[in-house]
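Shared chain: chain A. Partners: chain B in the first complex, chain C in the second.
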Partner chain A sequence: MAPAGGRPMDVINYILRRVLTSVVLMIIISMVTFGVFFMVPKLAGTNPAELYVGKQATPADVAATARKLGLDQPVTVQYARFVKGLVAGRDFDDGPNKTHCDAPCFGYSFRNDRPVWPLLLDRLPVTISLAIGAAIIWLIGGVLAGVISALRRGGALDRTVMVLALAGVSLPIYFTGLLAQLVFVHTLHWLPGGEYVNFADDPAGWAGKLFLGWVTLALLYAATYARLTRAQMLETVGEDYIRTARAKGLRERTVIAKHVMRSVLTPIVTIFGLDIGSLLGGAILTESVFGLPGIGRLSIDAVNTKDLPVVLGVTLFGALFIVLANFIVDLLYAVIDPRVRLG
Partner chain B sequence: MKGAHMSSTNSFTTTDPVPGPRRGPDPTAFLDVRDLRIHFPTDDGLVKAVDGISFTLERGRTLGIVGESGSGKSVTSLGILGLHQREHARVGGEVWLDGEELISASPERVRQLRGQRMAMIFQDPLTAMHPYFTVGAQIVEAYRVHHRVSKAVARKRAVDLLGRVGIPQPAKRVDDYPHQFSGGMRQRAMIAMALVNNPDLLIADEPTTALDVTVQAQILDLIRDLQEEFGSAVLMITHDLGVVAELADDILVMYGGRCVEEGSAQTLFRRPEHPYAWGLLGSMPRVDRENRDRLIPIKGTPPSLINLPSGCAFHPRCPYQGRDGIPCRTEVPSLAQGSDHGVACHIAPAERRRIFAEDIAPAL
Partner chain C sequence: MKLRTGLVLGTTVALTLGMTACGDGGSGKDGTTSKVSAEFNAATKGIVNSSDKKGGTLRFGYSSDPDSLDPTRIYYASGQNFMRSFYNRTLLTPDSKPGDDGLKLVPDMAEAMPEISADKLTYTFKLKNGIKFEDGTPVTSKDVKYAIERTFAQDVLSGGPTYLIDQLDQGQNYPGPYKDTDPDKLGLKSVQTPDDKTIVFKLAKPFADFLYLLPMAPGAVPRAKDTGAKYTEHPISTGPYMFETVDPGKKITMVRNPNWDRNTDPVRKALPDRIEVTLQMQPDELDKQLLDGSLDLDFAQTGVQPAAQAKVLLDKNLKKNADEPVTGFIRYFTISTKVAPFDNIHCRRAVQYAADKVALQTARGGADAGGDIGTNMLPPNIAGHDPNLDPFGSKQGKPQIDKAKQELAECGKPNGFETKIAVRNKGKEPKTAEALQQALAQVGIKATIDQSDASLYFRSTIGSPDNVHKKGYGIMTAGWGADFPTGTGFLQVLVDGRLIQQSGNNNYAELNDPEINGLIDQATAESDPAKAAELWKQINAKVMDTATQLPFVYDKALNYRNPRLTNVYVYSYFGEWDFGSLGVSDGK
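For the complex of A and B:
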């Protein structure tokens, strides 16, 4: 389905403009982020090069390292090198040997002795597994709960769902997550503990390890979706065009399933895109609580070890997903809401 | 004759517990509404939006229901279509459509008739059409609920009807969304959607209120032409006396959920007898009279439907209330049928005609 009234050229123009906006946005984000990571050590009164040398290093060693890594250069030069690394890759000369970092080079983690990009890629499947699994559960569960709640407005079922939803948004993950682990893994032994395994190696083990993470994360989001769906549905049911649908002689279930849901889904698709986008940048709490080696876990470990290139990389990576999600939501929006003007 | 009819096809009406005056079904009337009552229980009290309305309407005729906002006009029309939700509204009385009673009929039966034999045009065509479906898809849907035809056939029908209601290039515009239509075009599309199943009864609820003045006349012309073509009965709900003057054969004036005056359009415009009808005429701008220097508004505001004034609901706003000791405050006037129309007013008929002729008519 093509966006309403859009001639092909309009559609292409619209997409190109959105791509351009996204790229510009990404550049600005990278500048700001890079600036912050340049400024923070300065403000804290530390030399970033100190993080790369041993505890017993002399000031001369620190200065030498800073020179070799280019940390003594102005921020503009450092940023230019960073962008060059993203586009074409770059070399790090850490003294005894030269290390090459392929494009896209998000930086080099000397603590892990690896470029940041493959570190991110290693962790990405875990984060995607967690996000997609949870998203399916919360989307189905949340929307369904909201619909039922709206249809039974004021009834016992409605109140129960809304109380659960309130509990869902209020309870922190480190509470529900730890409680769930205590009950289902350590007490009832229904689910396996231990390390994360890849889907390809052991699908059942993969699902078993992720299951509580999915449910816990889904609970948090499902609550929001249930409330949103309910509110949106109650608002839509009062619209004139729903009365028109009934006046046509449509069956009530057609009125609800087609005419009401069509309007309800529009805002849900929007926030769903944004939620998925931000989750793909890493779910720090969930991954930490359930011991899942995803991007969120990578970022918290990097913060704890002051591994600045990784923190910078994770931040930009997360931002990339959010910008990408925004872009996709914009395109989707033009498809699902014909009133969106492409001009 | 009436008794025979009741004991045969509609024998269930004799045991029907719905309160209200009993008359046998009148086989000649296509639409026969009898003592229709629509009450809404609310936290503040019982809203008696419609409290005993009766009228008949034949195919090919137009009845205008006139009244201020909150007089119960729209509630009446939605009640005929069975669009009030049973958990929110108490609906009593009888609605006979071509010999079939609708208030006691099953919701499923009323649904089958809705859109097919009785269709509705709503006030604001922008909000009354679904923003996410094309105009064509919405007409196609309306047709296919009641006809087992392919989408292609229904689409052809939709294009055909869009052309009939005066949409240029209907084969192209059928795929437009409502927001791509102008207000007048949307109302035309709405009319096409209502007419797609050739309904016998067309209810138009303020069909021109949301439109530009220049477009209003076009839409009224269209409704009149289509009525002649399709032979439908038209129920025109409006607060605009100009609209009923254009279209209606008969007029029913509503106030506070009841009928205060009814009769042929000619009678109502030439010899209105209810003080409220006088007020409506006096507050209507007319370009055909030169000697009118200003409009005379009806003082006061429409009554609360929860606490209707005692007696005649219009009495707090009526300049004639209580004159010569008539019981306006205490007794509800019944709708007394005179020689040519019905009036619910305590003032004696001869006196009403005298007041109109001497005081009201010269100022109009």
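For the complex of A and C:
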């Protein structure tokens, strides 16, 4: 779809520039992340191989493990191998055989003896389930609350909505999440506890287990959206072109829906894209509070067990989503707001 | 002359076990076991809900994943308990009995205890007939040797105990089967397999506890099915169950192994039809499901969380289904002999007297959830433990300020001094360091606490003497549990001056006392367990006299058992319930 006002070549140039920027950004992120995880321990005088040996390991065992994992190589060689794995896959020595880690090979977890990529894919449906469900609630709820608040500016409804929004944005998820569980799961028994179940196995159980996560996460984000929508709307209704639209005799509903909302939605789409991107990279606190085995939990477990390849994989995966979300937001910008000129 | 170790071990270890001290339970002298009704701590005294009812599913919950399912790589006690109970048979195994009988080794895959040569260097085992892998292939001595050889491949299969390497390498520098040039990958010289039923171990020097190393190792691994680092995804079973699914981070399920023959296995009851382990549960959710009956037991056996502790201890209906066994772990501070002013014994003694053991016990969770006050370095489940050994009079729990000040004066530091306490940034340990810090301040010792990353703490923070000297760690927080339940398995590595390593050192105090070292040599060579225990009792007393170790708690863990569990008893070998004896009364 060509953005309004853009010539086809401009559009292609625009997209290519954004793609290139995203790729360069990912390369820089991967270099920095790799450096942090594999060079800093070396500079601090610790050998990452010591994380993978048993408590009785001798120095020879540590050296053999470093050789096997390639940790005895210069960091540039290690990074080159990592990048090669991302684009072409790579082999890992598992004793009698070689294990091939298919591209995109985000590394190999020596704690789980599994490539990192399948571990991430395994956890992704849980994180997507959480993020999408919460996003629908906070987007609809937040924008609606912001619009109502702006239209009833200064009234009781406006004040109530804004106080709720302030509470929502101020209360940390580990508070609202635990409180909600205590009330709705453990005291009132309205919702089931227990472990996460797949949508395909038990749709009702899936929704039941996720519902509180959706709502508490949405509460946190909806607050921001409500406040942003309200502020943006109040600013926009004062613009000349809105006055003109009203002067033309358009109905108020049309003015709001066609003219005001279009302008209001631009920043909303921006932060929505970024929020979804970062959530897909791992809703760490929410997944921990609600015991959801998603990417956030995977990253916590990996940090706790010092599983560096998984931590690196999750970090890059999260970064990839944020970069991707930015890219999509940039494209949507031009679609939503005709004032955005390509160039 | 050859002798059978059955006779030696049959005399059993003269133990002073907490559980037998409780009186009305444990195993009798004739090997019978007492059945007890469900009440608090009942499973530490006898067998709760004794039953032979088969069927149903035994449901574990676990807040983590097992360190591995590959028997070569399992170190944690609960993982060893699990593999021993369900899928990894070994030549010998601890007997499935409560009380001190549970510390005795009995034949498992071996048809009898081994023949030991008169010079105590050669151990010869014969395999039983009818032992098979889950695919029906008979287990041979070569499979047993291959399994032991895998331990040597530390670059691929790290993480598990390596005691067998220490005893069996003998300068060969055997690299493990994956780099073995022998066409059959059976190149380890110290283990021989003259025929499919016989396996012979040749030691370089006598090691009385050699047999205790065998239950910790993998029993048998078929070379054709060895997938190296991936073996953890489906270890081939020789026990009553085999893996149905292994889904890391989620669930493990096991079903009956059709090729396990009950007639060859006197130690495993194998009552449930199915085993399930739900992984990576939130600890509080796990406790909730234990208490509401959705789960049967916690895989980790490290005790319920504080919220559930209060619930269990305050509700008599819940409390009767809980046990609080001594786990075999000891919590202690170790005081350096190399970092001034602790190179002077009087300064070390001052710390011993100034310590507030009640405060330290409280920091560990108190008497109910933490453990009993420890006064010496051998916990109650180790042969040679002496409940009366308390050289600093610390059992009463309170600091002895006057004595501490007197020792400070004798140390030449009447007004105290400054030092550092090293501690892991994990669990209850920072709180215990703070408790000691506050107690030391009462006598003028200003201690600063240096918290560091838990993962490398024992390996390179306090495990490196150079680092200890450089950082000036006078006092180091530590915890220790026996890998096998003898003085050698528990205390040697902590106090033998010849085992001080530059990395991964366990003798943190760098204690190197010729008299103690000499007694250790006698104890490790002593094949009579009762005499060895007496020697360890002496060693323990000598160690305490050096004031280098400040034990403060013998750990206990408050575990909750689902009332439907049958044959529950605390297995002294692991300080946990014997997983392999459990069944479910409702058959569901």
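Just so we're on the same page, the second predicted complex is superposed on the first by the 336 of 343 C-alpha atoms of A that agree within 3 Å, B and C clash if a C-alpha of one lies under 4 Å from a C-alpha of the other, contacts with A are read in each partner's own complex, and residues count from 1 in each chain.
The definition used in the following text is that contacts are C-beta pairs under 8 Å (C-beta built on N, C-alpha and C of every residue); 3 or more make two chains touch, one makes a residue touch a chain.
For clarity, every value in this text was computed on a predicted model and none was experimentally measured.
Once both complexes are superposed on chain A, the partners chain B and chain C fit side by side without clashing.
Look at A:Arg114: by the touch rule set out above, it reaches chain C but stays clear of chain B. In the overlay built on the shared chain, the residue A:Arg251 is in contact with chain B alone; chain C does not reach it. When the two complexes are overlaid on their common chain A, residue A:Asp240 makes contact with chain B while staying clear of chain C.
Between chain B and chain C, it is C that contacts the larger number of residues in chain A. Look at A:Ala64: by the touch rule set out above, it reaches chain C but stays clear of chain B.
Residue contacts after overlaying the shared chain place A:Pro172 against neither chain B nor chain C. Of the two partner chains, chain C is the only one that A:Asp301 touches; chain B does not reach it.
With chain A used as the common frame, chain B approaches chain C to a shortest CA-CA distance of 50 Å. Judged by the document's definition of touching, no chain A residue lies at the interface with chain B and also at the interface with chain C. Chain A contributes residues 4-5, 239-241, 243-251, 259, 262-263, 266, 336-339 to its touches with chain B in the complex.
Partner chain C is touched in their complex by these residues of chain A: 46, 50-59, 61-62, 64-65, 67-68, 93-97, 99, 110, 112-114, 119, 122-123, 186, 193-195, 288, 291, 293, 297-298, 301, 305-306.
Those residues of chain B lying in contact with chain A across their complex are 78, 81, 83, 111-116, 119-120, 122, 124, 127-134, 141-142, 145-146, 176-177, 179-180, 193. Here chain C touches chain A in the complex through residues 65, 73, 75, 153-163, 178, 226-230, 232-233, 248-250, 278, 280-282, 285, 288-289, 294, 455-456, 458-460, 502-504, going by the rule given at the top.
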